[in-house]
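All chains are identified by letter, namely A, B, C, D, E and F, in their written order; residue positions are counted from 1 within each chain.
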Amino acid sequence: MLLQHATWIEAEAYLRRSNGIIMPIGSTEQHGPNGLIGTDALCAEVIARGVGEAAQAFVGPTIGVGMAVHHMGFAGSMTLRPSTLIQIIHDYVLSLARHGFRRFFFLNGHGGNIATVNAAFYEIYAAAEGALGQAAVDQPLQCKLVNWWDSPAASVVARELFGDDDGSHATASEVSVTQWAFPDTIKRGVTLDPPRAPAGRFYGPADFRKRYPDGRIGSNPGLATPDKGKRLYDAAVPDITNMYREFVAAE
Amino acid sequence: MLLQHATWIEAEAYLRRSNGIIMPIGSTEQHGPNGLIGTDALCAEVIARGVGEAAQAFVGPTIGVGMAVHHMGFAGSMTLRPSTLIQIIHDYVLSLARHGFRRFFFLNGHGGNIATVNAAFYEIYAAAEGALGQAAVDQPLQCKLVNWWDSPAASVVARELFGDDDGSHATASEVSVTQWAFPDTIKRGVTLDPPRAPAGRFYGPADFRKRYPDGRIGSNPGLATPDKGKRLYDAAVPDITNMYREFVAAE
Amino acid sequence: MLLQHATWIEAEAYLRRSNGIIMPIGSTEQHGPNGLIGTDALCAEVIARGVGEAAQAFVGPTIGVGMAVHHMGFAGSMTLRPSTLIQIIHDYVLSLARHGFRRFFFLNGHGGNIATVNAAFYEIYAAAEGALGQAAVDQPLQCKLVNWWDSPAASVVARELFGDDDGSHATASEVSVTQWAFPDTIKRGVTLDPPRAPAGRFYGPADFRKRYPDGRIGSNPGLATPDKGKRLYDAAVPDITNMYREFVAAE
Amino acid sequence: MLLQHATWIEAEAYLRRSNGIIMPIGSTEQHGPNGLIGTDALCAEVIARGVGEAAQAFVGPTIGVGMAVHHMGFAGSMTLRPSTLIQIIHDYVLSLARHGFRRFFFLNGHGGNIATVNAAFYEIYAAAEGALGQAAVDQPLQCKLVNWWDSPAASVVARELFGDDDGSHATASEVSVTQWAFPDTIKRGVTLDPPRAPAGRFYGPADFRKRYPDGRIGSNPGLATPDKGKRLYDAAVPDITNMYREFVAAE
Amino acid sequence: MLLQHATWIEAEAYLRRSNGIIMPIGSTEQHGPNGLIGTDALCAEVIARGVGEAAQAFVGPTIGVGMAVHHMGFAGSMTLRPSTLIQIIHDYVLSLARHGFRRFFFLNGHGGNIATVNAAFYEIYAAAEGALGQAAVDQPLQCKLVNWWDSPAASVVARELFGDDDGSHATASEVSVTQWAFPDTIKRGVTLDPPRAPAGRFYGPADFRKRYPDGRIGSNPGLATPDKGKRLYDAAVPDITNMYREFVAAE
Amino acid sequence: MLLQHATWIEAEAYLRRSNGIIMPIGSTEQHGPNGLIGTDALCAEVIARGVGEAAQAFVGPTIGVGMAVHHMGFAGSMTLRPSTLIQIIHDYVLSLARHGFRRFFFLNGHGGNIATVNAAFYEIYAAAEGALGQAAVDQPLQCKLVNWWDSPAASVVARELFGDDDGSHATASEVSVTQWAFPDTIKRGVTLDPPRAPAGRFYGPADFRKRYPDGRIGSNPGLATPDKGKRLYDAAVPDITNMYREFVAAE
């Protein structure tokens, strides 16, 4: 149930029964030698659509470029400065709030977004009353960020499928999800050397590139397959649907 | 050829043969009783993909929400403030410029974006040298905005199919393109009254809603069909592909 | 009828009969070998004063520096970043709106301003309600940009006087208007080589300077004379006065 | 010697002999029952032109609207937020610095601008190196604000002419200068009651209006005449010319 | 070893042996009926000073007001908008980086700061090269946030002292630390009803106040004593000193 | 009486008897060979605390880093851009205003802050109504900046103690105050050469360092002693207490 696929009259009708909306947010950044640059946006969007169907909830337009300053050492990576991303989320949420939406469930596909999106929520809480007047006092906005891998069921599946080979960037899990959702984009014949990338910390883009020269952190996405992607998707959607429902229903 | 479907290694290879990229930009806003809220984003994205295939050029992530302040009187419309949109385009272009992209071809689906996107280009030209140093002097950035309806061939088709019934907002043309590209989203049984909406000017969202109570301006999208959408698409893609090629090839 | 030449008591009286105001906006940028750096600001101001007299309307303070990033390759050119110009127009309009002004007719002398000024109008529409409260809902602001050369009568005169030699930057027309209005500033003995400058596109300041080394685009301002300037002025003022009157009178 | 009345070729020549420029800045705000709304801008501009002639120095375009938040309780007053004015001065100075200007002499006509303009200078000093690179290190920018009433000679004349009746806002001095420079704008038959307005402090626009209901502070501009304006002008110009010369000549 | 207690000559000497600095950051916000409004800033500062002594490292000036939008329903709470806090951290870090500091260890006392401070780090990484030029490439900046309660030893002590009564806002731990460090500020005779406050989530300030009417979340700060504060301090300082040393020493 | 040392319940009680607050603001910047980098913040804070005790008024959290762009040529100096400092003061004041504070008495320790803080006040006056609604109209905010050396009694003492040797930066007075308040930080065995530093003007940080190589302007802080600091403190506190009382009591 995409907001973009509805008419304004359908949106008006939807608002009579719900004030919740799912907002997918990802990133457009390198994901190692066989992971798609759009991995994080694609995963967030695909799972958001599943949740939207299951919960009969609107899914807003995907924020496809996120906060990925640290990935800028690799060709094709794009980033917003945190201050820009805050403004985007501010404008998205306050636009929708003007029509009556009140529960904003951001479904995230990129760890680098977490801090900035949470900061943005408070920028919005601080601005809401000035922008919306008494309506924001009577019916306050609530914003929540959930990463798709926060699904307990999906975590169990990932652990079972990949163990420590899942890693923390360009994970075997997320590459599997995109392989299942976009089979035409599977990169064949790519050699990963070493199979499992080194793990650890980093600061800024130059440091990232130096430590992780092919872009992966701690992962072996050579283990990814479409079937595993389907299992992860099938595990994540019901979990996150429940989280969405609880969020919208809570007082 | 979506940037999001490539790996960073493929992006690196692409940059050895081209420094051009197609950037779709649309809007998420009411399009009358039978037009999709995402019409402008969907049209821009669909045509951009066609052009990307034809020109073997990368298509960047779609900017799905645009400058639609004047549509905010209708449920589901979203907008960026112009100042936010300028920052987004700034960040998108300078991110990609850091890797060597130099020709940015924005394929637009929403009239309301034109002024702000053109303003953004000059914000970027003013900032480029500070951000990229000597690289921006040696290889200056070039940004261009093309609306998909700027295609002469598509204009001829639209004229032939709809004449004055095409209108200027929620046009029969754009509704046809989305009906062809997303047949599942066709809204059936919607009555348009009057069949052709009134035309004219407006200032701000309240004024828009008062003058055009169902959201259309001068259009009769009741005439839209998927087949007409295909004809428009088939006309637009080659034209815009040529525009892209000329833009990238020009000195 | 300059706002700056009135007292606040006269302004209060004016607001009892009109809520319209003419806002001249120009630029301070090179205009070729014999055109004044202030050409665009001077033309806008001179014609605005004529319209103000004819319509008995206030003329606000001229915005003398505009968006001229692309002219920065030539000594003496000044520019605002688009984001700065948006803030200025925001502050000008909302200042005046607080007193009851509602129709803002920007009379423009510089093509480079058009996109940014139109973007600014929507920044204002988005901000007006937050800034002015219910007053902005009850009596919405309306902003309009008119270029002085949009006058049909002036276009006919320019065509007749200069034909294709008028050009698109440092035009024979605008140089004529400043020669008539400021005869002391006429630059004599300047050789234009070639007489008519090359025409075409450009991206950013370095590209502009390379393509148009003396700063003109497509024009032969060697044909300018004060008398021709007077004819253009006499043609433009009544036309634009009518545009202003219609704008202010329209519902 | 107005920059706006020069060509870019003349600007280039000027820069071979001087890197200084005079920047007039005023305000557009109420000046009591017989003072012009543009008083501060007009005084700054008139005196700047005199100094420009005397020093053979360029005079840049006048900043006609200043920081006048506290005057917003009176019809016709306009203001920039301080943050907007800082951006304007930033853009003006860095535009000109790009061509080689280095000494920026702001000639001010409005007390309310002083704090913000001085703050802006430091915003510029902080930004200059990022914007101009090594050129800003090798030849640092210098900015200075001088109020026209800082002229010792003009102060003596004002004291002699008006004593305590000069006041601190809508002064007899500044009204005299505009009467001399713009005799057509003299407001006749205006009664000032009381002749000398009360004096004191204020905070924000509502407080200002309450304390000073006709807009004057401590002044009796009923004493203003064009002749007195000429005496003030004749006293101020040589003094400020010397200040300009010293500023430009100093190491 | 406070930076503020050193001379610039001592700072210059320090930079020859270390490029690290400890930056305390807290908040000024309600902490329930017996907790100080400055609890978070005071704890961060006190522990930072201890770490600075132990590590012989500079401690920068405390950021005393943080991101506390959600506490604004209680008298005396102060907050920065996230966008303001990002600018502050940007300016602090880039100021110090100009002198050669490279490792910025933010010692945090307020959970509400975490997201925004981490967002700020990436704003800085994105800006550093533009601000510092090649120096930022050759010696990249590294920023890290550590909460004082991240100390494993302090966590063990807190658990042992308070168990579940420690809570998550206005914790018994942090109240103890301030009681030990500032014994004059101990609030006596305050009744906490119920002794342990309810726990849970919240969105925005109105929601916070409704759920937690006396300002505590899940805590019983009636258990706080100065002695317990000393035990927590004694546990935290060595742990965090080690974290600082590792951060500065790491490649 | 530090706000940070109160509970929110005490803050609520305070607001029933007073709407005034003292806000210390200083700077973290070089103060010559024997002056502390924190001199300006420490002096402002120490004197503010004295005034707070005397007037039984709350003292807010110190703004410890100010506008010190011109000091950035010396190790350890920190600065905010003026635009950042404006945002901080905006957030501080509007946070407190939301609870009912209305009189904001900024006690300043750094000349470089004066312009920016005064600019900030008007940014706040312009924003207050939008942020606080009718409450800002009914009970307008009042902000005032006082430098601690504005105390007439302290000026007399400084003159008597140091005469012309007090200087204008890294003054003997302010060094004395910090020596008295923080005796452990006294720098012994520092040679000042020459004993009294040269005096004069400066523009930007490079110019400052060139003219004043050890960081002092016109001062001989070798004359500073703790006893003299106590005399200055004892003179300043009653004076400034009176200023505060008058400010809060004035209509």
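The rule is simple: contacts are C-beta pairs under 8 Å (C-beta built on N, C-alpha and C of every residue); 3 or more make two chains touch, one makes a residue touch a chain.
Not measured: the values here are computed from a predicted model.
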{"item": "Magnitude of the superposing rotation for chain B and chain F (Cα, nearest 5°)", "value": "180"}
{"item": "Selected interface, A-B versus B-C, where C-beta contact pairs are more numerous", "value": "A-B"}
{"item": "Rounded Å distance between chain B and chain E, as computed from the means of their C-alpha atoms", "value": "46"}
{"item": "Distance between chain centroids, defined by C-alpha means - chain D, chain F (Å)", "value": "29"}
{"item": "Computed distance of Cα centres, chain D from chain C, in Å", "value": "24"}
{"item": "In chain E, residues with contacts to at least two other chains", "value": "79, 81, 83, 130"}
{"item": "Chain D-touching residues of chain C, taken from the complex the two chains share", "value": "2-12, 15, 28, 30-38, 41-42, 60-62, 64-65, 72, 74-81, 83-84, 87-88, 90-92, 95-96, 98-100, 182, 184-185, 187, 190, 215"}
{"item": "Partner chain E, residues of chain A touching it in the complex", "value": "67, 69-70, 79, 81-83, 86, 112, 114-120, 122-123, 125-128, 137, 140-144, 203-207"}
